[in-house]
Amino acid sequence: MVEIPSLLHAGYHHPVQRPWQAERALTKASLVYPIFISDQPDDKYEIKCMPEQYRWGINRLAEFLDPLVAKGLTSVMLFGVVRPAHKDARASIADSPENPVIKAIPLLRSRYPNLHIGCDVCLCDYTDHGHCGTINDDGTINNTDSVKRLTEIALAYAKAGADYVAPSDMMDGRIKAIKQALLDFGIAHRVSIMAYSAKFASGMYEPFRDACDSAPAFGDRRCYQLPPSARGLARRALLRDANEGADILMVKPGLPYLDIVRDAKNDFPNHPIAVYQVSGEYSMLWRAAEAGVLDLQRTVIENLESMLRAGATIILTYYTPRLLDWLSA
Amino acid sequence: MVEIPSLLHAGYHHPVQRPWQAERALTKASLVYPIFISDQPDDKYEIKCMPEQYRWGINRLAEFLDPLVAKGLTSVMLFGVVRPAHKDARASIADSPENPVIKAIPLLRSRYPNLHIGCDVCLCDYTDHGHCGTINDDGTINNTDSVKRLTEIALAYAKAGADYVAPSDMMDGRIKAIKQALLDFGIAHRVSIMAYSAKFASGMYEPFRDACDSAPAFGDRRCYQLPPSARGLARRALLRDANEGADILMVKPGLPYLDIVRDAKNDFPNHPIAVYQVSGEYSMLWRAAEAGVLDLQRTVIENLESMLRAGATIILTYYTPRLLDWLSA
Amino acid sequence: MVEIPSLLHAGYHHPVQRPWQAERALTKASLVYPIFISDQPDDKYEIKCMPEQYRWGINRLAEFLDPLVAKGLTSVMLFGVVRPAHKDARASIADSPENPVIKAIPLLRSRYPNLHIGCDVCLCDYTDHGHCGTINDDGTINNTDSVKRLTEIALAYAKAGADYVAPSDMMDGRIKAIKQALLDFGIAHRVSIMAYSAKFASGMYEPFRDACDSAPAFGDRRCYQLPPSARGLARRALLRDANEGADILMVKPGLPYLDIVRDAKNDFPNHPIAVYQVSGEYSMLWRAAEAGVLDLQRTVIENLESMLRAGATIILTYYTPRLLDWLSA
Amino acid sequence: MVEIPSLLHAGYHHPVQRPWQAERALTKASLVYPIFISDQPDDKYEIKCMPEQYRWGINRLAEFLDPLVAKGLTSVMLFGVVRPAHKDARASIADSPENPVIKAIPLLRSRYPNLHIGCDVCLCDYTDHGHCGTINDDGTINNTDSVKRLTEIALAYAKAGADYVAPSDMMDGRIKAIKQALLDFGIAHRVSIMAYSAKFASGMYEPFRDACDSAPAFGDRRCYQLPPSARGLARRALLRDANEGADILMVKPGLPYLDIVRDAKNDFPNHPIAVYQVSGEYSMLWRAAEAGVLDLQRTVIENLESMLRAGATIILTYYTPRLLDWLSA
Amino acid sequence: MVEIPSLLHAGYHHPVQRPWQAERALTKASLVYPIFISDQPDDKYEIKCMPEQYRWGINRLAEFLDPLVAKGLTSVMLFGVVRPAHKDARASIADSPENPVIKAIPLLRSRYPNLHIGCDVCLCDYTDHGHCGTINDDGTINNTDSVKRLTEIALAYAKAGADYVAPSDMMDGRIKAIKQALLDFGIAHRVSIMAYSAKFASGMYEPFRDACDSAPAFGDRRCYQLPPSARGLARRALLRDANEGADILMVKPGLPYLDIVRDAKNDFPNHPIAVYQVSGEYSMLWRAAEAGVLDLQRTVIENLESMLRAGATIILTYYTPRLLDWLSA
Amino acid sequence: MVEIPSLLHAGYHHPVQRPWQAERALTKASLVYPIFISDQPDDKYEIKCMPEQYRWGINRLAEFLDPLVAKGLTSVMLFGVVRPAHKDARASIADSPENPVIKAIPLLRSRYPNLHIGCDVCLCDYTDHGHCGTINDDGTINNTDSVKRLTEIALAYAKAGADYVAPSDMMDGRIKAIKQALLDFGIAHRVSIMAYSAKFASGMYEPFRDACDSAPAFGDRRCYQLPPSARGLARRALLRDANEGADILMVKPGLPYLDIVRDAKNDFPNHPIAVYQVSGEYSMLWRAAEAGVLDLQRTVIENLESMLRAGATIILTYYTPRLLDWLSA
């Protein structure tokens, strides 16, 4: 009486069969660890809302990264954190030789020759007003000028030795401008661009602002980060960046935007898709596990396998140190 | 220099434009509230892992639901909770006149004539072994016999007056069997089936088991609930249920499976798609807000708007009481 | 002057980025090892055309498999080899208690409780005429009778404890018949079917015939194995088996049919796709490496990664023992 | 009981029907023979890893090609081989009047007026470092300068009388640059471009390096040849070259990349698709046949029919002389 | 100034490249020759409107076919022609032992063991009213009864040794009925069905009626042959026959219906598609060539290559004898 | 027993239903009449191979066209015919005030104000060598220079008052150049381009050459007209012209290329598609009807309805005068 094609149980009865039903297995090679580099060289400062995550001074990087590289860490994304006094309206510190990221790259390059090193590119960590671009007199974003600054900053990181740059600002047209600058400088073939393409104005970034001291001084970012409901804009933003030469397309945050990851994979099957599991996701799982409501390892892995299932190839996650252990077991 | 099609900011600069970018707005009409009916008529028992959620005895339902219906509650899904002594291997209590759900339906029907009343259909709340079907001697599920019991139970709820039945068991072939039974009884035209079609073996159900006392006594549910990575099986399960006559297709849990909601919407554009925001999601957001990491209202609404963006038309959520307030403001 | 979207080099300059460009990574969980079980209990007979591959008697299985299971072997497919005197026109030995596969299953089940055990299902290893079905008076295949025998044999292996059965015969309609038999016996939920769906009449099976003593005594198999050029028939055969209830769809041989693997994946994105790297492929790579023309490890891994790229999730390969070592390094 | 559409056997029972199931028949018109022209005019040097293949001096070409043209050879692709002393960093010999290919073209043109003559275009046969482009100080490829050299070389071959040029270098943007140069010189209408578009960093090129003395002196080619797993990059490279004006799109190597041939045909149904059966494929089949494991004629033809089935229209193969005989029979 | 992708000339400048632009080459293996078998054993009667085409008695078949088989004829389709006195309302002669086709098959089978022999299956050659089915009292076709007769006739030809049967009647449901009959008789695996699926009520059949004496005595065939404009019906008729088990789908006539051939290939990429170049096409080309308006060889070949280009794999043509010569040159 | 969806007869049993099955009806509004204007003003010269078709001098146009316009002729396409002495290498007469087409346009415009007047644009009617472009020293076409001349000629016709120009030359890039010239002259909004986009090197043009005295003096047109088998090139040529601004896309000849009409309609659903029923088609039908083999009216109408069914919206046919009568009946 039952329809033959309705019979699905046999396909996943035995545990060996279950990974056969997946499109992609979770491996260490998929993980990118975002790390915060402080402008205070001896710093090791625990970030309040993100237990076990720290801001590191460059003198402490070996202590921090040696064990992780030994366990299989292959790729990092660097964020710089500077004191308020060093910030200004145009984020001058961002591409200065004093920038902690610019200082850290050659150190990491020489200590870990095979490590794949990327840099977040934005203004908000370095502007006194905390916005991701420069500001017009009327308080709106000056897109043209912002793209100019972002290009200068991305080029500075690339010259310092970065393998990839990752513009997180959501300005229109910055990918093409950066690609052209890399091409003109003769390094477009060895420095790739991971574009934060579908970055939403989410409530899940709160803890990150504590990590980077980067909340806007006025207004919010809803004029350049995408409205959470805006599927159409997100797909157009992915298309914008693919057409402008992005090597990797990112969706951020992760969990509440897995459908956008699927859209990205469907629309751009030939690009690697990255997902950023943001600070709020990190904290939310941590707190629930702490309260005994969820099992941390099981849930984090379910979340990451969901990202792969949705079409991601690269996952940026603060749980990377834990995962390097879990995946070794 | 910038490419014209790259210019997206103008489309969402003004707040009034942002909802224009969405496919569907969050309204009270999208919400279904899952509620637990205790077999102890005067019960009001707070569920440990789910703050503000209770098991209610039928004598307390008016107290509980009057204000919610007044605020705009339009649809509920009922789960029965019975004492262990009343459970057996075949879930006999499930379709007995003593079942609290069967008792509650006529009460609700008469007090709230416009309320849309559905019933979860499964064995696990009522079996002593805690599995969603009956069991073979070798400890595996007896699919044929389970479908028979599920059909009897669904029909019992329908006869008691339910507007829809929602089989959550993941047995192969049960939708067709239930549809046929409703047809044979002459009520297939007024009782619809909301199929838990893509229901995953998630780590996010932990608090629910506390709510219903329904953890399996041995083994787990991974032989019938889907492996989290199994996109292909999920799409085949949605197809199975659509072909067998489901009126509504559900994906469960919600947040980590939004890509599957998108797949469901793409594959079945002509069916309403339901999403179940499960107990683990409820608790995780609650704990994070409690710890001051996230803003509860903003994040819950972002999560629900994400479900709509992914393609959902119906959301089952324990946050329904809060949402009835938030959406009234 | 160069077009921006033409710039691809940056996407694969760094070795860490190259796996990001892949859809699926090669892991031990993808491998199934085909092994030959002799009816002579103490046999360890090296197969002439397939160096390092043996026919094993059941008394030698522990010696053979203990180290492989320890290194991560998760799934095997069993082929029986019997002496010519035990063969007849209807392959009576295939489902007799004396069949070496039927004897081996319980041994393997008890020694390796987590091992996933499958059985090739065909008549050709056991018929005196060497064909995959029974024969009409005019020398053609009797499809109806062949399906009857194949169903009996598949059921015998399933009763003996196999986790999956894999009909390699290419008769029309056997998948549905086997599924129905498993359903009637009440084990359809825990015994899956891996269908040899697109199996071609290839010149690459030569060494296998030595392994199994299974060359046809007259005629050839071109009336049931597919013509190599026949893309359309292959896609129709995959559709035939998917519609009849196959849990896994196989393409065989592997390398010369990778386009058919891609067709299978495109047509059936929701089924696991298996590829069989056949004896001729094994031998060809071995001989070329032996002659110093190719590097064995690099080429075998390139071949298997090509299978994954083409859409395969499961690879049956005689190189499994080598791969368990290579993938551990 | 059997489903009618499951009955496939009748469609290929009779041998006359089997070619009816194919999309394209193997004919001599599909074959292109790659030949090596030595800078030593009287050379006939057998290539160690490729039995029966030689490097030919221009004085020996008539002896070599007269019988093949008589048997139906219609198209050749020429590779030049020069002594190490004639190589330098910029491949100056590649477009010099002393280049053996440039000398051979007019000879072939006048002796075989209907022969279709193509030239491989690359630097690696002529650079002292053995890379396919010129090199930056940091050891990476200088893409811009490489494209300039490739364009000069392609134009030199076209001026010498080539019917098509075939850039095998995998630099970004070279197809457009060459097309523009042909257009500016007024011969774009009679010189076509066969683009090595999806050329992978395969282990199957080993014997070729012996043929051409062209292994890189340092590093490898993985920064410009595609990673074997990279389906997405391959499709983007095919799109790159189609958009830049390629007349024919090539996939290389052949057998392990048949799925990419299918992708190429699906994505570009209106372009001829070429496949290069590389030296490792040639040798591997040869060695296996020599060892008695495979039948050479049957397997080579099965391999080539597989390429046609996957979507190829043109096959470059060292087996061309054998095939001209086999297809005449 | 010209757009690079607009440059197409280079792709077909050289004659060697032109076949590379085709999907399929014209070979003898694609040809099926329709021949008329007279019930007068010594007949050789030239058909008035079809110069060089004859009705042959079975005693003359060797004289006629020996030279054609020697030149490469591989497949024929037989039509029977009987005297009016032998016709009746139910086409009794069609499956009688006296039918000339039934007599001819064993002769051909024994004289040409590799010849692929098919039979047109219809009633119109054998009914006194000249319709393709039996007739109701109201003069309309009795579809059910017609299918019964067609099935009996097809089975008779298959029993006589035909390799394929080709129902040309356009009754609804006859393919499934014939397939089932072949299956019940145990020969469904070796007798295939070439379905006249999209057969139009064309003005191009006139000369054929002279060949077979088969014009209807009253009415016409527009109630079962398709209206020329009816693309939708044609595609549904192709689907009807594919679903009912046709091994080969035919479009008839050829030239005015090449778009339907393309539709057939697009809709059924996995079936061989046959085209029937009908008598009117044959005559029209003949007359135009005779008048010196067209070159016969060039135009016939252009017409046939057009059929291949449109998606055909099999061409039924009265020009087969000429083509066997032309393709040998 | 018959499958319900197999029942098609009812859909076309009644004659009234048959046109319902068509997508488009044949009407006078679809017809364009190609006419030949002689440079001898009093000419009325019957074209040998095309009975009932004439070359007309401008003094005879009223006599010729008055009755046709009265019967419903709405659109014409003009071809000029000049004496050999007026031809030269660059087709100077083509855009001279002495050109018969340039003289005819104002006459037609004033006598038939509503007539839609188009002009074929090519060089071959006016060059002494008979090719469609100007010629390089090596005998190949000079595409760049040819495009320049074609643009000048098209502009001359447009200035003379043509409603549309129809370049039939198959040079690469001429549509864009003509569109730009019309734009620069300010008439791009009222002069449209009907592009001969998929024009094949057919054997069916023979009679036309007699009509226009336009056979090439040397060589043939196979380097710019498409190879008959080349579906891919045809689709790319359609794409080329659509991208360059063609208002109408033409396929030529008609009957043997109906599949290409279907491809054109599928690929460019938003452009009108024209089909040219060429001189060879005209003559072939005429001769067959003359010989009594076919019914002229029935067959011509079947041919034209087939063109509409294949996707055409516009038909250029020499049968226009006959059709104006047939369609009036």
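As written, the chains take the letters A, B, C, D, E and F, and residue 1 is the first residue of each chain.
The criterion applied here is as follows: contacts are C-beta pairs under 8 Å (C-beta built on N, C-alpha and C of every residue); 3 or more make two chains touch, one makes a residue touch a chain.
The chain list, named the UniProt way, goes like this: A, B, C, D, E, F = Aminolevulinate dehydratase.
Quantities reported herein were computed from a predicted structural model and do not represent experimental measurements.
Shared contact partners of chain C and chain E, listed by label: D. Note on connectivity: the fewest steps through touching chains from chain A to chain D is 1. Distance from chain D peaks, on a Cα-centroid basis, for B. Interface comparison, B-C versus E-F: the higher number of contacting C-beta pairs is recorded for E-F.
A straight line joining the Cα centres of chain B and chain D is 59 Å long.
Here the CA centre of chain D is 41 Å from the CA centre of chain F.
Separating the CA-averaged centres of chain A and chain E is a span of 64 Å.
Those residues of chain F in touch with two or more other chains are numbered 140-141, 143-144, 172, 223, 231-233, 236. Every pair of chains that touch is listed here: A-B, A-C, A-D, B-C, C-D, C-E, D-E, D-F, E-F.
The residues of chain D lying in touch with chain C in their complex are 1-3, 5-9, 11-13, 15, 18-19, 21-23, 49, 140-141, 143-144, 147, 172-173, 176-177, 202-204, 206-207, 222-224, 226-233, 236-237, 240, 243-244, 255-263, 280, 283-285, 287-288, 290-295, 298-299, 302-303, 305-306, 308-311. By the touch rule above, chain A contacts chain D in their complex via residues 186, 188-190, 269-272.
Across the interface of their complex, chain C is touched by residues 2, 4-5, 7, 9-11, 13-17, 19-25, 27, 29-30, 74-75, 114, 116, 163-164, 176, 179-180, 182-183, 188-193, 242-245, 247-248, 272, 313-314 of chain A. Interface residues of chain D facing chain A in the complex, by the touch rule stated above, are 136, 140-144, 172, 223, 231-233, 235-236.
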